[in-house]
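Below is the structure I would like to discuss, written out as structure tokens.
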Amino acid sequence: MLNYSVKRLGLAVIIVSVVMLLLFTMIYLIPGDPAAVALGPRATDAMREALRVKMGLDQPIWIQFWNFFINAWQGDLGNEVLSDRPVTDVVLEQLPFTLALIAGGMIWSIALGIPLGCWTAIQPGGIVDRIIGILSVGVIAVPSFVIAIYALLIFAVSLRWLPAIGAGDSGDIIDQIIHLILPSLAVGLGWVGYLARLVRASMLEVLEASHIRTARAFGLPERLITYRYALTIAILPTVTLLGVGIGQMLSSAVFAEIVFARPGVGKLVYDAILTRNYPLVSGAVLVTTVLFIAINLIADLVVGVLDPRVRSRL
Amino acid sequence: MNILEIQNLNVTFDTEDGQLRALRDVSFNVPEHRIVGIVGESGCGKSTLINSILGLLADNGQVEKGKILFEGQNLTELNSSQLRELRGVRISTVFQDPMGALNPVISVGTQMLHIQYRSSLSKSEKLDNAAEMLRRVRIPDRESALTRYPHEFSGGMKQRIAIAMAMMMEPALLIADEPTTALDATLEVATIELLQDLQQQIGCSVLFISHHLGVIAELCDDVVVMYAGEVVERGTTRQIFYRPMHPYTERLLQCDPAGQSERTRHLPTIPGEIPDLRLRTPGCIFAARCHCREDICDSTPPEVEIEGQSARCHRLVA
Amino acid sequence: GAFGAATMVVPRFALSQDGSVLTVRSYSDLQVLDPTFRLSLPEDDIIRSIFAPLVIPQAGDVWGWKPIAAQSIEQLDDVTIAFTLKDNIGFTDGYGQMTAEDVKFSIERFADPAMESPYAGDWSALKEVEVKDKLSGLIHLNQKFVPLWSTTLPTPASCILSKRAMEELGDKITTKPVAQSGQYLLAEWQPKQKTVLKRNPDWAHEQGGFDEIHIIPIEDPATAERGFEAGDLDYTWTSVASIPRLKSNPPPNSVVLEKPSLAYVWIGMNQDVAPFDNINIRRAVQHAIDRKGVVDAAYFGAASVGNGIIAPGLPGSRDSVTYDYDPDKARDLLKQEGATNLSVTLDILNQTDRLTAAQVIQANLADVGISCEIKQNDSGTFWTLGSKDGDYWNKLQIYLQRYSMQPDPSWATVWFTPEQVGVWNWERVNNAEYKALHDQGLGESDFGKRDEIYKKMQGLMDESGCYVFLTHEVVGAIHRDTIQPGLKPNGESLFSEFKSA
Amino acid sequence: MSEAVSKLYKALRRILAEPMGAFGVALVVLMVFGAVFADILATAEPSDISPRDRFQGPSITHLLGTDHLGRDLFSRVLHGGRIALSVALFSIAASLVIGVVLGLIAGYGPRWLDNLMILVFDALKSFPTVMLALALVTLFGPSLTAVVVVVILVNVPGYARIIRTQTLALKSAQFVSAAQSMGAGTTRILRAHILPNVIGPLLILASMDIPVVIAIEAGMSFLGLGVRPPTPSWGAILNDGFAAIRDTPWIAVAGGLPIIVTTLGFTFLGETLRDVFDPRLKVR
Amino acid sequence: MILSINNVEVTFRVGPWFNRQPILGVAGVSFDVAPGETFALVGESGSGKTTLANAINGLQSISNGDVTFLGERIDTTSQRNMKPLRQQMAMMFQDPVGSLSPRMRVGDLVAEPFHIHKIKANIKEETERLLSLVGLSGDFANRYPHQLSGGQARRVGVARAIALNPKLIIADEPTAGLDVSVQGEVLNLLNDLRERMDLAMIIITHNLHVVHHVADRMAVMYLGRIVELGETESMFRAPAHPYTAALLSANPEPDPDKAKERISLPAEVPSLLARPSGCEFHTRCPWVQSRCKSDQPFANGEVRNIACHYPLSPGDKLPVKQSSI
């Protein structure tokens, strides 16, 4: 298992390199001048030029890429253009918020999606199945910001049960969790539908398997059969997909972060791209890529834990 | 005393192009402490039969009429929780594909624990039970075997684990559906001997399905011969093998290459095809392929019983 | 019932209700705390609070200033300003008392060309600062510089840093400031989340209204409005589009404000690129645009039409432009030039109000037979469109533009001078007379004369045909009725001037 | 030809026989009909502005109300359907084709190629969409093409991965070995034996991706990178609705409703299609 | 000789990537098959029979040895040259339903060989001819594999195998799971074809009765090696290798009263990862002697090819376990 992780990490290094290469190609393509953005309207040409030299923007793109790369390996992602703070600090202080948001979204989608999927799979074609089917596809189809806004208007503005903005007091876990409820719902609700559909489909398949019939033949209680014998297997493809889905959640996180005025990496990257704050973009993308890979790795390891057939292969 | 009595059991499947009558007026008994074998053409409804006994028919199948009396209780009238109380405790099953019968993601020990969920024993006692059962089916290194997962065992071992699980609750009836198809002769024999041993130790009855007439002959006390959803003949093993009454049984035994003393390249067969189960033809079900077919065979044949051996054939009346 | 609901709400009001904490929204997070290199308005406010400036703008409806670090400050003649510091202003972290030496250091540092401050122009007229004694000194200028009192001194350009601290720390102010001296101290900064200012215990002079000021960076005004309505904020700017709704239906216990803005919005045409290299076509566009219609649509009736780059209240502000909305005339001009099937690209920034305005403009132009394609640009792209460093400036035709503004007309006119061609002067009007007038305006202190100069300059702009002036926008703000906000006339906040009501 | 028609007819009948299938077909037909006959059905010119009539609620004259420029939302939704449906269908179809081909190659090809492709897929997936969009727009200009390419780049890695996993599983299936033993070449195996068995689940996933496409379109319009105004598109309507959601919720409803309806329609159609064309599920 | 295989080895790599271990699935197997001959492979499950069949067909690359079919080396030919050879060699797979593509109809499945080899023929007619040849009526052409019973699926497999008149058929467990009558039908069908077309056959099966009747020669495999090979009749009469003897003695007879004399073997089969030293059968052999534990016996290379240090001779007394009912 450990060695498997090591191998995956090796692969991750290559992926990260590829991502960075892509990124630099795009930076090269996209118009806009980081120096001009950084210095504002009153700067002179000479000043802009000087900053460009300082940022290494005057050099050919491949040299910039190489420099970034070499430095990144030494843990130095450079300093961001505007405040000149180390990119590593900037990204790492935002990361926990995004992680919390995505974790919250996952919790919503797992806590609601999986039971719904199971429930509908037990009696396919029944009324419950149909209604939940329509609801879950509906939930997939509603854009997440619409959900976010309405949740906010109802629970924060009208009822005032929950806060509307921010991530909560930094020292107060309860406060932070309260602040997380609405944004994570906005991020996770679409996935509730997705998971419900997926779990339903794979449950239907697993419930046909002969070991389930054997379990029934031994008179095991239906609950045990559904949740222990069938679900542990039906969940496997879902786990892989959830790992992949993190990427998607990262992009919907931007919306939630804007609408709920939460700090976070999604918005950080978004802002950095729009302000052409390229050191920050590269650094943040690097970190999120590593994160993405790590989460996929974890997903695979979770599959390994759940599935001994895979575990022995890891 | 019969542990299981099946009386006039009819089972149908709803399909796209009409109703399929998988079992028709099936009747036979499984007496206490005996091993009853079922043989018959593939697709004749053997697996359907045991699924109806267990109440595990596919969604599109239903018991039309008939009774399944187990220890005097009619299983077709029980609700699912009452049935569940019997399954695993009084009736245990080894399915056609024992390799796929174990849950791949739960350790063997845990699965054996789950089966004993009704018992009030402590967890360690249950585990002891499980280990003892593995010993009986001759799984080496059984303590660690309990913590291992199905894929870590060879096919033969999985098969024996499946049998151990079936025997663990010391059921009154063990059902085994072609448990030895994929095994070579040595393992097949070992499995049969194991079943016999256990049957004697526990004192249960066994319902055993196989295509291998040699295995049936060796293992079973009684034999039920099925054809196209009907029981055409039943009797003791000796009666069936030495003095078959129904033409189908007769032909089936003749077809076994093992019965051919002379080496021949051309093996005997029963010409013709299994009738379409969707079309109900009056008369003898085997008539179309029967070598001694007469006009009277177009009417429903009577059930004739001679010395406990019974068959459905007009020929026997004469 | 009601009581239960109230207790649910109360804890989240508690901070504001005891009057000691003010929670406000800023539209961006702080990035640089060095007055010399500051980037945004919210930073100005923080910088002014923690590094005591000589003067700050005065709160209220008229532009003016009031002293903070200065005990007294006055203009002795055209090129000399005398100042005396208040006694007893100290720097934190053990950097001692603030002296005239620190003033000299700070202002000369600001003006030093080697520093390459983007704001060096604020002190472009500075000759030197002369230290007279511990607390007083003279600021000497090279030439008369009128904007000094409106856009130099009342900005962070007059903030005083500790000379010793700056020298010891390598002339660098990070986001963790050292040697603070203001009414407030930066107590905590949680990036993108919250900035906390706390009262400076050593500040012995006029006090700010709140013990703590929490500044929450929220970029999207709609988000901020919802935050306010949910009770998470005490004061925020609103989007212009929300003003009508908030005014007609204000949230309970709150006050909606509407302030004139200084910013100016116009349609620009690049006179070096076809078809706008033809003055008659530019004129046709001037006549084709229904300015009132565009402004009304874009701001939902909240803003009124503006007539130039200088907002009402400042010298040079105009009541009208020299062209009127006359589609027939526009069509005639186009016909006369034989430009029947014109199709042009309108570049805009990707913001809702701009897009709305652009679609009305599009309809106006279509009305006179010019088909117009709207090209939205993200901010990073948009701000480089007319720059001579890129290649788009030779394609740029017509665009919707907005510049923000300080309370002096020269801040507006400076962007349209010949040396700004290809920098911020995207219309590329290269007019020597205009430049001369601009320079003249910087040295003229008489309000009437300045008014005339700047009106004339805008007249030149009208004449070039390159501009269709749209509006100065408005600023909307909303605050709890428990507080009394301290705002500049254009609605920008002055944290230390907020009081509880 | 007539055989194909009768096959199609049979398939349609089977789909309509399933309640979910009939429901799906009805919704899809509704949306397609609206888009195709937008010119006839629309009650107003979709891009005629009239600021005086802005923010009107739904009424007889404006069935779905008006937006911030006083444009008739009903007409805009109808006309926007053309873009939404064609972009969604085209880009999803293109992603499917590319994803399937790449997935088959990755799953069936040599190990190193598989690793390489997985690497590129993962790299693409962990990449910020905004960045992709910006770069592509500088290449293509803000246009439908850019939207389509972004959608393809966003979707292909996921599709390809799913196909790849299943292909890997089927690669060692006995019927594939059987085809190989008869001398079947790689293309034949992929086309005739593997593809039909892997495409079903993917179709359903893809039909659930319609809102994703529209969300991407909306996101790009938000950045000004999508369809050029005043062309109506559901994404643009959604954005307008988002800006005005407090006062005039019906704009977001007008933008969101067709997306929900379309997704529901295609998803149920997709699921029924899968079931109807899966020979193993026929006994029912 | 139509097929000759010489010292074929198949290596699998198992275990995690950092600790891959080679195992020999087939460990040096040699035999020839003559035209028209039926050759049977029997042995323990997991002894490498299917793997060997795959190696012969080129589905499984071999790590050593050579396979020559119709004078061409299968193991080294390119994919392209392989194609015409495969036209001459047909496989029937162990799992009858699993080897049929689940989404193709029977008609298309039977016609597939024609499409693959681009043979111009009236495909519809050919399909019907083939289906009737294997005893399936024309309306089966429209069915999907899952709608067939095991026996019918087998027949479709046979139809595909004989479609292009091959010279060799390799049938992997063609009768498993079938009742004796259907089993007879399948075997008779193959036998008819063999007689008509001079077809050579390799039959892999657990059913020793079948082997006894249809095979001319047979080979017994154990742990990837052939332990004994010879004429079927003589081997049944007098098995020489202890494993053969045990296997044949185990064969259940359909006679309830017949007393069985069985050689019982310890149940545990050694793992391929840890092959026993010396004679690999010594861990289970009832006659094991000290030499067996150290020296590996090699096939003696005679017509009756035996790999045993102490082969049994017909008169030897067997250490039997009486089992009767």
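Order of writing sets the labels: A, B, C, D and E. Residues in every chain begin at 1.
As a convention for this text, a residue touches a chain if its C-beta (ideal position, glycine included) is under 8 Å from a C-beta of that chain, and two chains touch if they have at least 3 such contacts.
Since this is a predicted model, take the numbers as computed values, not measurements.
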Figure out the least number of contact steps between chain C and chain E, where 1 means they touch directly. 2
Could you name the chain whose CA centroid falls nearest to the centroid of all protein CA atoms? A
Farthest chain from chain B by C-alpha centroid distance is chain C
Cα-centroid distance, chain B relative to chain C, in whole angstrom: 89
Chain centre separation in whole Å, for chain E relative to chain B (CA means): 29
Roughly how many whole angstrom separate the Cα centroids of chain A and chain B? 53
Contacts with 2+ other chains: residues of chain D: 134, 246, 282
For chain B, residue numbers touching 2 or more other chains are none
Please output the residue numbers of chain C that touch at least 2 other chains, ranges allowed. 378
So in the complex, which bits of chain B are touching chain A? 54, 56, 83-89, 92-93, 95-97, 100-107, 114-115, 117, 149, 151-152, 162, 165
For the complex, which residues does chain E have touching chain D? 54, 57, 59, 79, 82-84, 86-87, 89-91, 93-95, 98-104, 112-113, 115-117, 144, 146-147, 160
Can you list the residues on chain A that touch chain D in the complex? 11, 14-15, 18-19, 22-23, 25-26, 29-31, 130, 133-134, 137-138, 140-146, 149, 153, 194, 197, 201, 240, 244, 247-248, 251, 254, 269-270, 273-274, 281, 285, 288-289, 292-293, 296
Considering only the defined contacts, which chain D positions touch chain A in the complex? 19-20, 115, 119-120, 122-132, 134-135, 138-139, 158, 161, 165, 201, 204, 208, 210-212, 214-215, 218, 238, 242, 245-246, 252, 256, 259-260, 262-264, 267-268
Help me check something: in the complex, which residues belonging to chain A touch chain C? 30-33, 36-43, 45-47, 50, 82-85, 90, 93-94, 97, 152-153, 156-157, 160-161, 163-167, 170, 258-261, 263-264, 267-268, 271, 273-276
